[in-house]
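The data blocks that follow each hold one structure.
Each of the next two complexes has chain A plus one more chain, namely chain B in the first and chain C in the second.
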Partner chain A sequence: MDTSMLFILLQAPLYLGTLRLMVPITLPAIGEIITERSGVVNIGLEGIIMLGALASVYVGYFTGSLLLALLAGILAGVCVGILHGIISVYLGGDQIIVGVGVNVFAYGLGVITLYLSWGTFANSPLIPDSARVPDLHGISPFVVLTFMSGVTAWYLLERTSIGLRLKAVGENPKAADAAGINVFRTRFVATVIGAVFAALGGTFLGLDWLASYTRDISAGRGFIALAMVVFSKWNPILAILSGLLFGFFFALSLTIPSGIIPDQLVWSLPYAATLLVAAGFFTKTRAPAAIGKPYRRE
Partner chain B sequence: MSEPIIRMEGIKKIYPDGTVALRGVTFEVLPGEIHGLLGENGAGKTTLMSILYGIVPLTSGRIFIKGRQVRVTSPNDAMRLGIGMVHQHFMLVPVFTALDNIILGAEPRKKGFLIDRKEAERRVMELMERVALKVDLDAPVETLPVGVRQRIEILKMLYREADILILDEPTAVLTPIEVEELFSFLRRIREEGKTVIFITHKLKEVKAITDRVTVLRKGLVVGVRRTRDVSMEELATMMIGRKLTGVEKSEEVSPREDYLRIKDLWVRNDRGGYAVKGVSFSVRSGEIFGIAGVEGNGQSELVEAICGLRPPEKGDVYIRSKRVIGLNPMELYALGLGHIPEDRHKWGIILEFSLKENAILGVHRSKRFVSRYGMLDEPRIREWTESIIKNFTVEAPGSDFPAKSLSGGNQQKLIVGRELSKEPSVVIASQPTRGLDVAATEYIRKILIRMRNKGKAVLLVSADLDEVLSLSDRVAVMYEGEFMGLVHPSEINRERIGLMMGGLRLEAIS
Partner chain C sequence: MASGKTVAVVLVVLAIVAVAALAITLKKPSKVQPQQPIQTPKKKVRVAVIFDIGGRGDLSFNDMAWLGAERAKKELNVEVTYVQSRTPADYRPNLESLSKSGKYDLIICVGFLMTNDLKKVAAEYPNQKYAIIDSVVDLPNVRSVVFKENEGSALVGALAGFVTKTNKVGVVLGMEIPVLYHFEAGFYWGVNYAHNITGKDVKITYKYTGSFTDAALGKQVAEGMLAQGADVLYNVAGLTGKGMLDAVYEYDKNKKLEMGPPFAIGVDSDQDWIHPGYIIASMMKRVDNGVFYSIRDVVYGNFTGGVMALGLKEGGVKMSDEKDLEQFIEIAKELGAKLPDTPENIVKKYKEMRASIPDWVWKDLKELEQKIKSGEIKVPTANTPEKIKKIREKYGATGA
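Up next, the complex of A and B:
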């Protein structure tokens, strides 16, 4: 058994799988970092991943157009982002409840769509090849997008005036307001951007990884992404690294052949890893000071 | 006389909940003057200035800046007009560096959105040189003392080229020496032609720094005077609408027994460092022991440790010779502790609860209020609450109303009433008159002296030096978690205390 484990760890597919499987958790995590640095929490990532996947698979299946499918996925993110932004930023609603609502709604919409469109409760048929994301030199363009997004987000946060203002809004919205920064607009835009990133994670699952929609397509990735945000201390570069770590566990759980260890244990690897990380690292980090608190001018 | 640089005309402000803050105020400031805006808490000073700064929308009225009528709907508008405001609660981002805080919202850029920090640093250095105000630009603001934070706020406004500077109660957080530094700085920028509006409720400061003063009372202008033509007494009468009686100095009560004894107490702050570093003292029955010092020098942590709200690292606390370390607040109350907390909304009162519920907080398990079968005894609680309302002159619509329906002063009276009705032998009063109007302040001070005269041990912690000096029998000055010295207020002058508040030990200055 030792030799076979070692054999698995030396296989190239494990590492190629890691690169792919980091995408649907890292893109949402990067988006959520932007959102949370502005002081808004979106725990609806799980639902947005589902909606992004659902919208892109639906459009991809019926039109066969990759471009339209991608746009549909992004549009799903924009819509949820606007909804979340209006309720939690402009109306000062409870961000946790909005997020839970998104998660529940997305799951339900997924099941209904599966049944009405394809007569099943489990998974859609494969989308036509024309709607699938082609690999470039053996690597998914989504992998490249993920790395670029992380670096760009870091640069934006640490080196630009937009980033400074965004962080000020998340740390002390009153101070930002007094400095002439529009707190509401900043948070709203950050929320929409975060939602689009989460939807892109789902789009990857639907148009690349599975080429179809399944009922449990996000499989807790939205929540793992939320944990990654804390684990990476709200730093997009560290989010890439933690994405590689969790992606590795996802890939490992798919690479270990049946029969060595019970399958259920193997499949739970990424989730167990999340729990361990959560227990070990969460006490030492410091969140943006105004996170989760709606801003009101008196 | 020159044209006013600011003219606010017939300003009215009614808040959505119906509170009338300003009832038609006309306010003028001349260019190049330091103009005092004097009034009690709730007189409308801050509201008026927040309107000028675009944070609070006005209900009606007109604003003219430099002769032109303007609409100010956001701080951005105000800054474009050259108005900068230093708020009472600083508008800084604690995790940002001083530099980032100063340039926030007006960052020098290169290539579009990139911040040009070199250029920013150069500009800020130049500014600091010009106005002779220095801060360490690379330090995160949260690591800097409040006096320095205030300088950062001022620099932030000057960096944005404000030529009208509004300062809201700027001396509240400063030591007497820092106050002097601030004043000479303000005189310097006046020479440069800047205009300063100085909001305060302290008469001495008005006399010390301003050229002219506008007095507000209950949302109306009571008068505008040239400072040198008006006496402190006259200003006081204008401000509160009657003559100030002051607190009578208490007669001597010979102290007897150590009711509260602290031995080598070490307490950590929330960030893990030591806020209290080996403090020892005792408070005797029949005395008021005052702790003076600029806020944030460990006073809060000391009080929390004594009151069972924060476990000390080491050291001992004794109440009437009984060691009380590790006991919870309720056990401490049972042993005779009364606590008037510094932040009444955080520790003292639950705003949504009724006066009755608030009146028994902490004694709600006492047999007095619990009837058979473990139910709260409604008639007795009502009786208790009404006696507090009567004895401590709480102005309340009724004991069933929520605490938030009371004014700040009456909330504080309710807390004081509750704590003192427990018949404590040790009373801890932390910033007991903060944010109260003059009448309520006077009342609370009288009550503390009455407690002392009744033979209780009173520990008074206050950032208001006058308060500590006028009430206490002995005073300790706290600086960075240590006592700089222990003095009798009658035997020491304010300047010495000021030096101790700035970190000099008594031995070093006597």
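Up next, the complex of A and C:
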């Protein structure tokens, strides 16, 4: 058994799997960090992942163009972001309800689109090769994008005045407003950016990993991303690290064959490992003070 | 925070419902056999079919159920209507209104998700006859149609054992529920059966993914198995297994192989058309026959409650053949589903693939099928973790 465990640890699919499993949870988590730092919560990540995947697969399948497919995925994110932004920022609506609505809507739209376009409720056919994301030496460009996004988001948040203003809006919108920062516009833009990142996570699933759309394609990844935001202390760099950690143990749990260790134990590995690390290192977590509260001028 | 909890609660409830519903398919010993007609029908029989969510167009359970109903319409001259269920909340009202109307001689529920609602409604209307597919409701007016998945799995297991060149085969499974033990037991037995004939020592890897809907997981697991040299993979994971089928197809295509091995084996419906040349066979559950037999028993006055377990002999399970392929291409065309190639090319590739396997393999499988049908060979099955553990040990499905 020792040798077989060692064998598993030396397998390339384990490490490729780590990167692959990391992307669709880390991209949405990075986006959500930006959104939440501005004071808006978007629990519709699950739905946006689906919509990003759906739009990109639909366009990729019928046009065969990777560029158009990618744009469609991003556009899906922009649309939901604008919707969420208008309702929760400008109209002061309940952010949670908007998010739940997006999740329900996305699932339904996915099923209807599957049936109308491909005559089945289960999954779309594979997209043409021309619309698939090509590998860079066996690694998806989305992996590179994820790392770069995390670092850029961190830099923007922690080292620039834009980031300072965004955080001010999320901590004390009244003071920010008094200081001449446009609270509404800042939050609105942060919401749209967050939604685009979530949609990109879905685009990766649709154009890269699965090369097709499957009913329930996000399979809970949006909710994992929401949890990662908290584990990562709203820090994009830590989001990458917890994404890697979670991805590694998730990949490991899929690589260990059944019958060696009880499966239930194996499946809990990624969650247990993330919790342990979060408890041990990521101490003193504090959410942005004005999170989830719509801002109204008095 | 309340919302996070709500979501968690909803997810937990859904998971429990799914597990419970699937667990209910755990079978009791067979009590009822489909009856051959002896009398002539007296009056026109009316049948209503209640589809599961998904309904027509799932290219699986629901479409096959409708196939059985249409056959009954043609051959038995019955009237059939169907009712769609948009959400699980529709089952109860659908059942109630159909039962209340008293117009139907038989109401057929397609799928285990309706088990609990049927239990309640069937008790309220003891004079109404019901049938439920893939589940057991223990009431005198309900015919429970279940399948002997171990027998069909034995055939595809033997096929896997015969055609593997690397002497490594894999099984990709969904959630660990007793009904999947039937598939496992039959498949391992079949691989061992092939070993007894060829003398090849075939290593079996199996993996529970914990999901029936996450195709991404199926693909990841399958790629791992392929990388470790497995060259026949068995899909026992529903939509998760779609990722497995794609993984095999892409692996072969990247190696510029016109056909397998590595091969995939499909499940439930005939999946051979999805990637022609790379899916060597499917373990079909013939829901259409279950529906047809139930209607026939009502037409000829042979209807009784109890469990009708359909195996190879009764036409409840089977290894797919060319006729099934053609039928499924027809269904797919009718529904507007996208075929990967022209129907002629799909059949041509399929024939080439099957012809690439030595004749004696197909002959032997035919013999095995006959022996299982005649009862000369009994394929083991398992309903509990302890039993399946013993079977895994016996046939060398060790995992590592």
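Worth pointing out:
Everything below uses one rule, namely that the second predicted complex is superposed on the first by the 266 of 298 C-alpha atoms of A that agree within 3 Å, B and C clash if a C-alpha of one lies under 4 Å from a C-alpha of the other, contacts with A are read in each partner's own complex, and residues count from 1 in each chain.
In the analysis below, a residue touches a chain if its C-beta (ideal position, glycine included) is under 8 Å from a C-beta of that chain, and two chains touch if they have at least 3 such contacts.
If you're wondering where the values come from, they're calculated on a predicted model, not measured in any experiment.
Superposition of the two structures on chain A leaves chain B and chain C fitting side by side, clash-free. Applying the stated contact rule after C-alpha superposition, one finds that A:R215 touches chain C and leaves chain B untouched. Using the contact criterion defined above for the overlaid structures, shared-chain residue A:R20 touches chain C, although it does not reach chain B. By the document's definition of touching, of the two partners only chain C reaches A:W267; chain B does not.
One geometric descriptor of the composite model is the angle centred on chain A: between the Cα centres of chain B and chain C it reads 130 degrees, in steps of 10.
Once the two complexes are laid over each other on the shared chain, residue contacts for A:G138 go to neither chain B nor chain C.
Shared-chain residue A:A289: touches chain B; no touch with chain C.
By the touch criterion defined above, A:A175 reaches chain B but does not reach chain C.
Once chain A of one complex is fitted onto chain A of the other, the partner contacts of A:T160 are limited to chain B, with no touch recorded for chain C. When the two complexes are superposed, the chain touching more residues of chain A, out of chain B and chain C, is C. When the two structures are aligned on their common chain, the gap between the nearest CA atoms of chain B and chain C comes to 20 Å. The touching residues of chain A, when paired with chain B in their complex, are 156, 159-162, 164-165, 167-168, 171-172, 174-181, 286, 289, 297-298. Taken in their complex, chain A has these residues touching chain C: 1, 4, 11-14, 17, 20-21, 24, 43, 96, 99-100, 115, 118-126, 205, 209-212, 214-217, 219-220, 223, 226, 251, 254-255, 257-260, 263, 267. Across the complex, chain A is touched by residues 55-56, 74-76, 79, 85, 87, 89-96, 100-101, 104-107, 109, 113-115, 156 of chain B.
Of all the residues in chain C, the ones that touch chain A in their complex are 2-4, 7, 11, 54-55, 57-60, 173, 176, 205-211, 213-217, 219-221, 223-224, 227-228, 239, 242-243, 246, 332, 335-338, 340, 392, 397-400.
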